Each structure stands twice: as structure tokens, then as C-alpha cells.
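Here you go, one structure.
Each chain carries a letter (A, B, C, D and E) given by its place in the written order, and its residues are counted from 1.
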Amino acid sequence: MIGQVPTTGADRMQRILADARDRGGPGQPMLILKDIKRHFPIRKGVMNRTVGHVQAVDGVSLTVMKGEILGVVGESGCGKSTLSRLMMRLVEPDTGEMIFDGDLVDDKVGLTTRRLRRQMQMVFQDSFSSLNPRMPIEETIAFAPMMNGSSRSDAIAAARALLDQVGLSAAMFARRYPHELSGGQRQRVNIARALAVNPRVVILDEAVSALDKSVEAQVLQLLIRLQEEMDLTYVFVSHDLNVVRYISDRIAVMYLGRIVETGSVDEIWDNPRHPYTQALLASIPSLDPDRRTMAAPIYGDPPNPINPPSGCRFRTRCPFAETCCEMHDPAAVTLPGSSAHAVSCHMENEASGHSRVGTNARIAEVTQ
Amino acid sequence: MKHDIIAEPGILEVSNLHVAFGRPKDRVSVVNGVDFSLAKGEVLGILGESGSGKSVMLRSLMGLFPRRTHVTGHVRLAGQDLLAMDKKTLRNIRGRDVSMIFQEPMTSFDPVFTVGRQITETIRRHDGVSEQDAQARALELFELVAIPSAKSRLTNYPHEMSGGMRQRVMIALALACRPKVLLADEPTTALDVTVQIQILLLLRELQREMGMSVVFVTHDIGVAAEVADRIGVMYAGRFAELAPTRAAILTPRHPYTRGLLAATIHGQQRGDHIETIPGAPPNLAHLPTGCAFAPRCGRSVAACTEKMPEMTVFGKTHMARCYNPEPSQI
Amino acid sequence: MKKSVTGKIAALLIGTMLSAGTALADGGTLRIAMTSSDVPVTTGMPNNGFEGMRFLGYPVFEPLVDWDLSSADKPADIRPGLAESWEIDPEDTKRWIFHLRPDVEFHDGSAFDADAVVWNLERFFDETSPQFDQAGSAIVRGRNPILDSWEKIDDMTVAITTKYPASYFPYIMSYMLIASPAAFETANSDWNEYGKAPSGTGPFKVTNVTPRVSVELSRNDDYWNPDRIAKLDHIQLFPMPEPTTRLAALRSGQVDWIEVPPPDAIPGLEGAGFNVVTNTYPHVWPWEFDTTEGSPFADVRVRQAANYAVNREGIVALMNGTAAPAKGFFDVDSPLFGSPENDYTYDPEKARALLAEAGYGPDNPVHAKILTSTSGSGQMLPVQMNEYLQQTMAESGFDIDLEMTEWGSLLVALRNPPGTAPTMDADALNISFASSDISYLAKYFHSKNASPVSQNWGAFGTPETDALLDQIETTFDAEKQAELTAELHAKIVDQAPWLFIVHDLNPRAMSEHVKGFVSAQSWFQDLTSVYIEE
Amino acid sequence: MTSYAKDTGSEFPSVSSYRDLKVQESPGYWAMVRKRILRDPVTLISAAILLVIILSAILAPVLAPYDPYVGNIMTRMKPVGFEGHLLGTDETGRDMLSRLLFGGRLSLIAGVVPVSIALLIGGSLGITAGFFGGLVNTVIMRVTDVFYAFPSILLAIAICGMLGTGLFNTLLSLTLVFIPPIVRISESVTTQVRNLDFVEAARASGAGSFALMRYQVLPNVLAPILVYTTSLVSLSIILAAGLSFLGLGVSAPAAEWGLMLNSLRQMIYIDPVLAALPGVLIFATSMCFNLISDGLRSAMDVRLKV
Amino acid sequence: MLSFILRRLLQAIPILFGVSVMVFLMVQMIPGSPLDLLLPPDASPQLIEQMKEAYGFDKPAWQQYLLWLWQLLHGNLGYSIFNGAPVADELFDALGNTFVLAIPAAFTGFGLGILLGVSAALSQGGPLDKLLSAIAITGVSLPHYWFAIVMVVIFSVNLNWLPAQGMQFTGVPTTLAGFKSMILPVITLSLIPMGVVARVVRAAVLEVMSQEFVNTLHAKGLWDRSVLLHVMKNAAPATLAVMGLQFGYLLGGSILVETVFNWPGSGNLLNLAIFRRDIPVMQATIIVLAAFFVLLNLIVDIAQALIDPRIRR
């Protein structure tokens, strides 16, 4: 694969399907999450009883298509990092299932975690803490292949090749330690490490968030290039809407452990339907001194995920909240006309009884 | 260095500020000659990447240095040189005439005292009022920064509050004694975007109401654009460019400013070309002679590697430190 | 006015300071630092060995048969105590009749009589009696294993029967002290309570007990024997197991009298004006050889060789003159010493010759392991002394291996036959013994008393010595008995079941203010003659 | 920083060509620690003194002018500088210098051996507990808590007092004393490291628990555990000497500093200098270990973040 | 907070249980019979059996344990084999005597330690820091039993200012002589806590001072003493933890100092009990000291939680 020239979409799909590991064919999404839940218990009191749960991920269903870049966006505490770890099986889900290229991920009957991880890798946000400070970086990169049976010399050679490929001169950097690198360089190493097992899917958990602006762009471009060259599928998790917009084909918006809206980049940007998505977009600083933001679209911080609001979780900050929002969880509604655009809001659901159903209410109208 | 851009002396005058850390033999220069003047009621946004010295510069405006810091230059607040004054006077000024907001609202509060106590102690320190009066003032401040159920919030410990609330408390604390100058060190970086905008708007509003001068340090151009009247772009401990916000963003003259703007992802879509600045910020311990940006600069000329360019004034209020500035464009 | 108050306070303070440094002068208080690690039990049967008897036994309580401690010049012997006289039942050599002393009162005012004696016998020998004293019983029975039964003949006469005839029975009876039955009732029949305010008949009364800290004795003005009414007002007894601590306490004036000062400190003490009193007493510091098969000391020649290999003068020098050479169980000057063939001088040549005879040589030294303790009652300076023995005996062809344990373990080892685990494979034990009377001879050297029965640890025994011992036990004529004893002792010296090393000279150091002390040749001392002169 | 240029290129040499690539070496963590220690005079001097003490203990048979167990009763308790005896003689006339030299052996053994064994056992237990967490952690840590409920000196004395005297029992009791604190410290640093992203990342690579512990966790927890452990050596020396001092440690005639201190105690009124010598050595050795521990701590406490 | 305290109390129970098992097991390891020392050397086998029965040593170990535990839970610490006295009386007397030393030693050691530690931290890197740190490290490196002897030689024997040994009072000192008898033991005992606390405080204060909020405090214009108050309160939990441990060591570790000064404290009692193989006394002393140590740690936990609200969970 190394050394191949990026090609266009149809060719790409051809090559993705040509991978010997492909099992599901063109119609099969790379990854399907079905109603995944993960709650972390909180222990308290005299007997150390469980008195509550952090509802980190609370019923997420998501589909990642082959070869696409799915952006997952949300604020801190919305569960997006837990979602990444759930996909990698670093955290086991309480309920729900995950299907990888048609195979159920399950250590007993389906694709084992170990085999899953040969096809799926992850890049963490903190470039420093995700590298072993006592290991030269080439060994960090070679670690996974060695654990999967490569000889040491093969793995090291491949690691050095990867270093060059992610833009770090192997001759200069291979034996360096993480503290000798800058943040951007470290993140390149992390990317190389993820690619070392030749995965099909890479989960990028806030992979560029800690970088300086000038470096962020470099790394993003590197990611895009690698994705094209190596025919990868990305799940790109970030809080930065600008970056998500730039890199993604599709976007999923998360709020308090749930997906509230999914759709193509353009759909989300041009026609955000969920009030939260609208608020997010409206909160981005304008970068135009002549058109400064005059009012905050919503007020307050996201609620504590330990005791999330009943019904629609956004209702406590939503200007359109009504009783039905408190009573019922909104189901995901696929918007007519755009098969990929789905929203979990009572205002999109005729049966919900919300007074603004069908009005296409805009949060900007309320706040201005 | 004198500059005639602002006619009357500002509330805060900084001249030839140098800050270096460490023992003489392994000294690292972090701030390498900063000059600026802050007018009354002005918001100066200072933009820079990590390691540009922006945070250290900001803290030195208050005389806050770690151990073994070597400082030269002048920081004049209403004519008084903060760096030359005795400890006692400086302490009387801190928190009263100049106050500060920090980046991480979690770590900026003492975790073992209630937030109310942390505000009242400042009020009592500077105004010498009774605890009761101080509490009443704290409550007012809480209401001013729009903290819901303010009264009960006063008895909260920092860890019991959300990030946005903590930052509001931080602002309340900074405003406790109606300072003339507010120094803000990346106050919204740790916040979510929906909270960030609230804080920015709050700051903007309070600044106008109180007529404060603000120095606002950030790495996010968007944030600077939202609040600043003027933007200074720092690179390797110096201002590369200092210009009114509009000019800085729309017609940057320094290649670094332009590169930064180009590399900032804001509204671009998949496939859009992004011009990136090659390389990484310089190592402060081994700065190149000449312009520190020259090794990464696409417009560098021979002179760039020889001598640091002086601030050049373009138009009335626009300055940049460059031998070969970007052409002015609209 | 104000000034005078201040002055009073100052005077008070100075007074307290002074009192910390010196004794309360009026009437005289003697402060003694004992070697024991605790205050001996005050119930009338003190623990802590003979030191306990010395300070909390005889001064407070009295036996039927007491010790005459009035002379420093001759070995102390028994004298009438609470019994005015005693005799053997002419019809039964096992039955002894004791005539009790009339008009004796306990400290609590109750009368001493035959009932009191019987009550005390029951205390130690009748498990069913309400006053049975477990701890005291163990001590008394250990010292008096032959007592069998008793009977009250009349108010002032008691008869005691032994298990077998034993001529030395009166000596054994000297270790059983008589406590007041009435006081036991006052103490709610609880020996622990009793210990807080005990009552005996002795010249001193116990007036204050602070566990592990001190005991205060006060003069019994109503003592029955006007000649022995104590001169001292009070005696304070402090346990101080550490020699250095005792030394420091004496030198800093905290006490007036310390037992066993470190020998090295004696010249310094004397130089500083302290009196160091030494005298011989019936004590022997030996190695008890394992004489059983398999031990190198099974061979009498090796035992004799060892006795010739010891530089006793060297040890005396090491002990700074606080010890005397021991060439037998008794002191050489004792009439009971007899005339053995062997005179154990320091003679490495003779030792080597004997070893050669026994099959040892320079390339084939005698390997032997000696078990001793790091400290203990009467052990003197076991570490240094044994290390010195180890050094000097090497010249004569002994390769000695020292095993140091603590006092308790050594006592356990003594109770177990050689070769068993508690003895740690030792070929000899180093533990010091009393040699105050002939009752001990049977205990240590009769084969019927081989461990674990009694204290003949090395299972020594020859038909000759056993027969002599049997004869002594049934000989009631003192002169004849002494004759036989001397004969036996000479045989024992020649057989060398022990390595005879030194006799302790029982050093004690006291300040120059302590007067009137007569150092008896005994484990025990009479404190009634002592007084403090400022 | 020329790496950027590579971003746009996409032609790469084949993997096999990297096999013999000449790679610039970089000093690792331990090299940095070494460098920092070499610049720390206090640690270097302590190490030098300690080295002298250790060497003289090892070379005692060569250096000692006399047999440490044989003396002459006629020349006992001679002062420092006495003819033929540089440091005088002890209470049975043995050469002090020889005994102090040999004494270093037992004292150093008593200092180093229990701590080393405790490091091995306690470190393994602690790392295991920290790494696996859950039930394993609970069992190990609760048992440790029980041991921890005894003040260390009390525990050492209790164990020694019950098992009896001797070098072996001393070592055993001290080992038992040091295991719980080492377990605690190992567990806590391991728990910290285990939750770092790089361990997660390595786990995500399919590595087994053993490989994770060996390659990812161990190199990162070793430094703090080692630093802590070296500080225990000093305590161990003092405790061992204290046990001998009480008569519960090694027994005579062994040359051991604590025991010598005890037996020379009575001479403190006669020749305080002589009596003080073993104490001075115990103090010097334990001080050296403490200073080295401090030096290691600051040398290893490299804030690696740039 | 109440639930926190309750939970900590409950957590202490299994530890105490474990401690009791351990103490019992340790005592079981003692070679030989505990009665050996009590019995006369020539005791008959019958007498030995009889004594064993009287003290319950003839029962299987687990029965002995349960019996002991049962008695323990009823506050009965048993009776000394050696002198038959109730262990509790003697032990609580002894503990009192130990406390009389430990409490002033703790005050001295902790006070000096905090003073030293804070002063060193405030002059970090300077000559004062080096000097104070050297004093602290000396405190932890000195064999204090040796130091005690040296002090006795100087102050008691040569200068004759202070008594060489012994406790010159009962209960609490009321006379000058009483106080004087405490001086040397207290100084000796306070040496280690002084060193340890100084080192911990220095580290804790430096750690706190490196935190961002200290900048906030300075930025507020607070006086140094107010900043120090904040720093100290933040450093308090770490300091308290080490003080708790050290106080425990003062109680348990006083054995060496009590031996040198012939002080009738709990260490002395334990030493005696070991020496005499007096099992009930040994067991009781160890378990009471351990229980006290557990209690102490509990108090420290609670105090920490009171100071630092983040710990209350």
C-alpha cells in the first residue's frame, strides 16, 4: 500500500473492496453501532453503594461507511471520548451491539477484540501521554506489530518507513524519545503508531485539538493524505466544528451521551435542524470584526451527565422546550428528501405534540 | 522605543520589556523587547501560539514571575512603574488597579476554600470592609456575572461548579475592586464553544460598562476578533505585528500573521486548499539571529537572517516587524 | 508581700530541684537500682529470681528458716526465722516439726500462728485452696520439690513431711515466705490486689507500688526483733536492667546504690568517690557440659582439658576484680571443697596433653558449641566473658562456637535434654547457679535429676557420686554430712561435669552517704543495718 | 525542523531499505538521569563516601589489620590511636578498626537485603495490584492495609521478638516491614501509569497483560519505586542496628554496628569517642543513603514535557 | 461528611480484624511454650499440663484465637502469665507514660518540622534551604537511640543538669524534677518526626506553590502571610497524613528510647513481655498499639476531609 498514489472515489472503493480483509462488500457499512450504552457507576455512602451512574454513552446508534470520514462533534462531557473507547473496545458497552464490516464484535461468537484491533486503531488527544516516555518512538510504533507476531527487525524497519511517511525523518527521529519532540511531531508519531498494524479504520479522538493552529493544519492535511493513500476510514471525534467541517464527509452531533443529529457536512452546516446543532454553529466566533456575535445562542453549561434531564436532554437549555420534551425522549427522525439527515427533536416529529412541529424553528430567531 | 500612534499616554505603558528565566548560564529569554501602550477603555488582543511568550508577557505586566526571573524594561500603570516599585505598593495595586483572569478556572482557584471566601478576602484586602459587607459585595458581583442562585453559590467549593460557572466566578473575582486594567490569559480556551461565547460576551459587556482597559491573550484568532479593538501578534517573545483588529485580520502585513490566518481552519470545507506554515515554532533557548520567523518564512530576504527588523509603521496605526512585508490588499 | 510569695515559690522550686538531685535527707531514704527489668511481685513470693528475694522477699516477709546475714567474713548459714526451732520426728526421718515464734504480728496487726503457716502452705501446695497462687506456687514448688504434706500440731507447732528423707530440708524451707492471711481477705481474695498493700512480718513494710517503676518500703517500727529494727526510714527500689542506665543513675545522683555496676566503670566510680562493695558469695559461673554420647565432653579427659585451658585470672582481670577464680562448685577456701586430685590452673600444655590422649590434636581441635544468653540474673557479662573464653581456649585446641540467645530461651534450653531442638545443638550451656547449700549438689549432679527431671542438664552421673549423694540425703549429722560432701565435691571436681570458671563477687556500688552495710556472703543481704549519712 | 517538506511528497522507499538505515541515537531517560546526577555534588560526594564504606566492608578481610573476633584481654579498651590499633580496641581487646570494617558487612546486608527482597516482592505485588485493579487489587491492598496498621518499628520488634534473635530473623522481619509501604507506592504509581493513554494505546495494539506490564508499565514505574526504596535502606540500617541494640537482632560475637554500639555503650563513661564510633558509622551510612535517595529523586524527577 | 466518617469507621473493622489475626499468628510462631519461663526448671510434667490448661494453651489454635477475640471484644485483654495481673491495668498505665512523652515529642517534632519545612520551601534553592534540609535529613538519618546515649553523657553525667533515666513522676509531671526527666527523652523522640515532617512539608509546600492558584492569590494582591495561609491549608492534608504515621511511630517506636531512658512506657512493656514470653501482654500491647494506629489514621482521614472538601466522597 505504501507508495500508492491517491486516486478518485470509485477507484478508492474498488481498492477498499479489494482488501483481502473485506467481508461485507460495497453495501455493508464498515461499522454499525446499535443502541450502545455505557454508564459508569458512582459509589457513595456508608456501604459504598452505587448511588448513580455517569451516563457517558446512553443509547448511541451510528453507522460508519467504508472509506468515509465521520465527524463526531460535541462539548466536553458529552461522551464522545467514551464513544471512541467503546468502538475500540477499550471500554466494554453495557448494552448494545457493534458490527464491524458485517461481523458482530463479540469475543465469544463473533469478531474478537483482538482481531478487531488489527483492523481498527485509535489516536488519542494528548500526544504526550499517549506515548511511552521511556521508549524511543520507533519502538513505540513497532510495538503493536511485534505483539502481533512481526519480527523485531521487520517491525522496526516498517516503523521507520512509517515515520518518513508521516513526515518525520526516520534517520533523525527514530531513536528519539517523546520529550524531544514538539506536540505536532508527537501527534505524527501517534498517527504512525496507529497505522503500524495497517488498520482499515482509525478513530481520531480529538487528535488535533491540543495543537497550535499552524501545526493543526499540517496534521489535518497529513491525515487527509494518509486516508486517501491508504484507503482508510476515519471516525474523527472533536469539539472543534471548524475542523470537523473541514475534514468530514458526514457529521454526528452528540449531546449528553446521545446523538442528536447526523447528516452530511453540507446538510448540517446549511440546514441544522436540532436546536443544539444550531446553537453550536451560532457559537463559533465569527472571525469577522465587522460581524461580531451579539448574543449567546443558549445560556449555561451542559448539565451534569450523572443526572441528565428527563426526556430530551437538551430541553434545559433549549428555548423551544415544552412539556413533551420533558415527558418523552425524542426519536431520531430522518428528514424527508435527504436520506442521511436524521434529527432527534420533537419539533421534527409530527406525533410529538410540540407546538412548533414543522416550523423549522431557528434558535437565532429567539436569541437575537 | 517611542511611537506616535497613540498621542496621549495610555493607562498602561510597556516599554522594552524583556523577561528571561533560569540561572545566568542557562538563561532562556521568553520576552524579548515588548513595547505597547494601552488606552483607557481599549481591548488589546494578544495573539500567539504556544511558546510565543504571550502568557509570560501578560503576567509580567502584574509583576508575577516565578523564581529566578530576570526582567528589564518598564511597565507603567498610570505613570507608575510596576517593575520598579516596592513589593508593598505593587501588592496594593494587584487585584485593585490591575486584575487578572486565568486560563484554567479549575486550577486557578484554591480548592480548599469556598469561592465566596476567595472573593471576600480580596475585597477585604483592598477595601478593608467588614466580612459582612464583603459578602454583600460578592453577592452583587455574582449577580453581575449572571450566576444563577448566586447566594448559595457563594458557599460552593470550586470543584462543585461547572467550568463556565467557575470562569464567571473568576471574572467576578477580577472585577471585585473595579480594576482599571484587566488582564485575561486565555480565559475561554478551556471552555466549550457554547460557553465560550457567553463568557466573551459577558466580558465585552462588562468592559464597556466599566470602561476598563483589557489585555486579552489568546491563541484563537476568532476569539480575538470577537473582543479586541487592537490585535498584537506575538512570535518568539516579540510583537510581529500590532494593528487594529480589522486591519490585522483583513490586511496583515507580517508574513507570520498572514500565514496564521491562512492556516486557521475556519469555514473551509473538504478539498479547500489550506496554506500551512512549514515547520514548528522556534526553540526559545536557541533563537536564530535576525528575524525569528525567517526560517519558516516564504518571503524572507537576506537581511532577515542578519538582524531583527525594527517595528515599521504602515498607515496610522498599523505596525509590523518585517523587511519584506506582505503587500497591502483589500 | 508579693516579693515574699515569689521568694517562697523560688524556694519551693529550688527545693524540688535539690530533692531531684539528692535524697530526702530526713531519716534516710535508700534508693536502690536493681538489675531486674521489672518490679518484683510484692505478694510475698517475689519473682525475678534471688534478686527479688533479696529486695522484696526477706526485707518484707520472713520464712520459717531464715538466713543469718550479719557477717561479711563467713558464708551465710541458716538461722531460726519465724520458727524458733525445728527438729526431725525421731520416728520418721521425713517428718519435720517446726516450733513457731510467739508474739509475732503481721504488718496488718494480725497474729502469726500455725494457722497462718498452714494457710501459706495451702497457698503454694494446694490447688483447691481459695488462696492458691498459681505464679507463686510455680516458684516455690520449683525450689521445694520434695514437700509432701503438713499438719498443724497446735497453735504454735506445725509438722511438714517430705517425699523422701532429705537432710537439707531446712535450707529448702528458707525459700518459702509467710504472708498475712488476714490481708488477703482485705484484698478481696485477689493476689493482684494483695500485691498493692501486702503484709508480712519483716523489718520493712511495702508502702507504695508503682508497677514497672518503683516500690517503696518503709521501716516496720513494730518489728518483733528489737535488734533488727531498721535504721532507714524508707527504701525505694527501681528496676534498671541496663547497666549503663544504672551507672548513669548513680553518677547523676538519682540513686544511692546500684547492683552490678559494669566492671569497667568501677575504677571511675571509685575515683569519683563511690564505694564499690564486693564479697564472695555462693555463686558459680560455669559451663554445664553435655556428658552424653556424641558430645566431645562425654570424655572426661576433654572436660578436664577444658578446665586446664581456662585462664581464670584473665577473666578476673576482664571483670576488673569483681570475680574470683572457680576451681570447683564450692570456693577453694570452703571446708566443703575437699581435696581433689586436679588443681585447675591455667595450663594449656596439660590441656593439650589431655586432648592428645583423647585423640585430638592441633589439626583436629575439639569442636564445641556453647549456648549462653546476652544477659540474665547472675550471668555477669556473658558476652564478653564467653568471647574471652573462646579466644583463650583456642590456644589449647578448643574450637568454640558461641550461640547467643536471650535469657528466656536459655532457661528453656536448660529444661530440655541435650540434642533436643530448644538446646540448639549446644555441647554446653553457660548459666550461673547458686551454690549456697548442699541441696543444690543433688539437683545438679545426681543422675536421677538429669534433664528434663531437674537441673542436671548434661545428664552427668557416676555410680560413685550418685551413691555419695544418696548417703548425704539421709545423713542428719552435720559433721558427717560435711565430710561426705567434701568427699563428693572432690570427686565432682575431678570428674569435671562442668567447666568451672569463676565465682561472682557480687559488686554493688553505692554513694558515700550509704553507711552501715555489711556485705554478707550470700545472695541475700540485710538492709536493716544500713543508714544514710549526709 | 525540516519535516514539513515530506508532507507533500508521496514517494517512499520500500520498507526493506529501512533495515540498515543509519539512525541518529538519542540519549534516553536514564542517560539524562546520569547526566543530572553527575552535576550534583552532594549526591556524588555521598556516593563516594558510601562507595568507600561498601568497598571497605567488602575488602574487610584484606584491609583489617586484625582478626575481628580475636583480641587480647590485656590490651582491652585502648583509646583511638593506641599503638598498633588505629581506632583502639573494644571491651575484649579486639581491634576496633577491624571490627568496624567487618561490621559494615552485616550492617550493609541488613540495610540492603531486606529492602531488595521487599522491593522484589512488594514491587511485584503492588504493580500487579495496580495494573489489574479490581478484585486482585482489593485482595492485595486490604492485606497490605493490615500490615500497614502496625507502626514499622513495632512490627519489626514484634516479629523479631517472636522469632528470636539472629541475622536471618532480622532480615526476615525487616523484609516484612518494608513490603507494605513498597506495595502501596508501587500500586499507586502503577495505577497512575496504567490510566495513561499510552498504556491504552498499547492495549489497543493487542498486547497481552504481561507484555504491557513488562514494556509499558514497568519502565515507567521503576524510577519512583526505586527512589522510594533507596530511602528505605537508610531506615533499614537504623532499624537493624536498633534491633541489635535491643538484643533482638544479630547476636554476639558478630561484628555488627548496632551490636557494637550496644556492647560499647557501657564504655561511654570511660572512652566516649570509642563508644561513639559505631554510631557515627551508622549515621554516616544512613545519611549517605538518604542523600543519594534525594539526589536520585531530583535527578529522576525530570519534567519531560517540553 | 457524616457518611464519610461512618464509612471510614466501617472500613477500619476488617483491618482491625486482620490485625487481630496477624497478632495471634505472630504469637503462635514463638518457639517453645510460653509457660517455660514461668515454670520452675524442675517443674513436673503434671504441673506443666495443669498450667497449660489453666491458661488455655492446651486448646487448638483456632479455639484459642476465638476465645481471645471474644475476650478482646469484651474489653478483656487477659492476664499476664508472668505476674497474673490484668493486662489492661498495666498496659494503660504504660500507654499513659508513653503518651506523656509522645505528645510533647509530637508537638516539638511537628512544630519544628513544619517550621523547618516551610522556611526551607520559602527559600527554595538558597543557602537557608540547604541548611534546613540538611538538619531535616540529619534528623531522619541519626540512630536516635545512639543520640540519646550521647545526650545522657553530656547533660546528665558530665553537666549533671538532667536526670539520666527514669520517669520522675506518675501521671503527668507536676514538679520541676518531673519536667526535667522528660526533657531528654522528648528531644530524642522528636528528632525523627522533626526530620520527616520537615521534608514532607517542604515538598508539599513547594508542590502547592507551583500550582496555578497561587498566581491567582498573588494577582489578588494578598499579603505573603495570607498566601502562606492558603498554601498551608493546601499542604495540610499531606502533612497530616505524615504526622499521623509519625505519631504512630512515636508510640510504637518509643521502645528504643524507653529502653535507653528506662521509661516505663508501652515500648518498655512490650520489650519486657517479649523477654518474658508473656503472650497475653505481648498480644494486648501489639493489638492496642495497632488499633490506636488505625484509629489515628482514621482521625487523619477525617481531618483531611474536613480540610479538603474534594476528599469527602
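Just so it is clear, contacts are C-beta pairs under 8 Å (C-beta built on N, C-alpha and C of every residue); 3 or more make two chains touch, one makes a residue touch a chain.
The shown structure was predicted, so the numbers you read here are calculated from the model rather than taken from an experiment.
Steps from subunit A to subunit C, minimised over paths through touching chains, total 2.
Between the interfaces B-E and A-D, more contacting C-beta pairs are found at A-D. Measuring from the averaged C-alpha position of subunit A to that of subunit B gives a distance of 33 Å. Inter-chain spacing, taken between the CA centroids of subunit A and subunit E, is 55 Å.
Put simply, the C-alpha centre of subunit C and that of subunit E have 38 angstrom between them. Taking each chain's centre as the average of its CA atoms, subunit B and subunit D sit 49 Å apart. Counting partner chains per residue, subunit C shows two or more touched chains at residues 244, 251, 406, 409.
For subunit A, residues touching at least two other chains, in rising order: 182, 185, 218, 221. Those residues of subunit D in touch with two or more other chains are numbered 1-4, 164, 248, 265, 268-269. Residue ranges on subunit C touching subunit E, taken from their complex, read 13, 16-17, 19-21, 37-38, 41, 47, 127, 134-135, 138-139, 141-143, 145, 191-192, 195, 210-213, 238-242, 244-245, 248-249, 251-254, 406-409, 411-412, 414-415, 421-422, 443, 449, 453-455.
On subunit B, the positions that touch subunit E within their shared complex are 59, 62, 64, 67-68, 91-96, 99-100, 102, 104, 107-113, 121-122, 125-126, 157, 159-160, 173. Touching subunit A in their complex are the following residues of subunit B: 49-50, 148, 162-165, 192-198, 200-201, 219-223, 225-226, 245-246, 249, 259-260, 263-270, 272, 274, 276-278, 280-281. Remark: subunit A residues 75-76, 182-185, 212-218, 220-221, 239-243, 245-249, 265, 279-280, 282-290, 292-302, 304 touch subunit B in the complex. For subunit E in complex with subunit D, the residues that touch the partner chain are 14-16, 18-19, 21-23, 26-27, 29-31, 137-138, 140-143, 145-147, 149-150, 153, 157, 245, 248-249, 251-253, 255-256, 259, 270-271, 274, 282, 286, 289-290, 293-294, 297.
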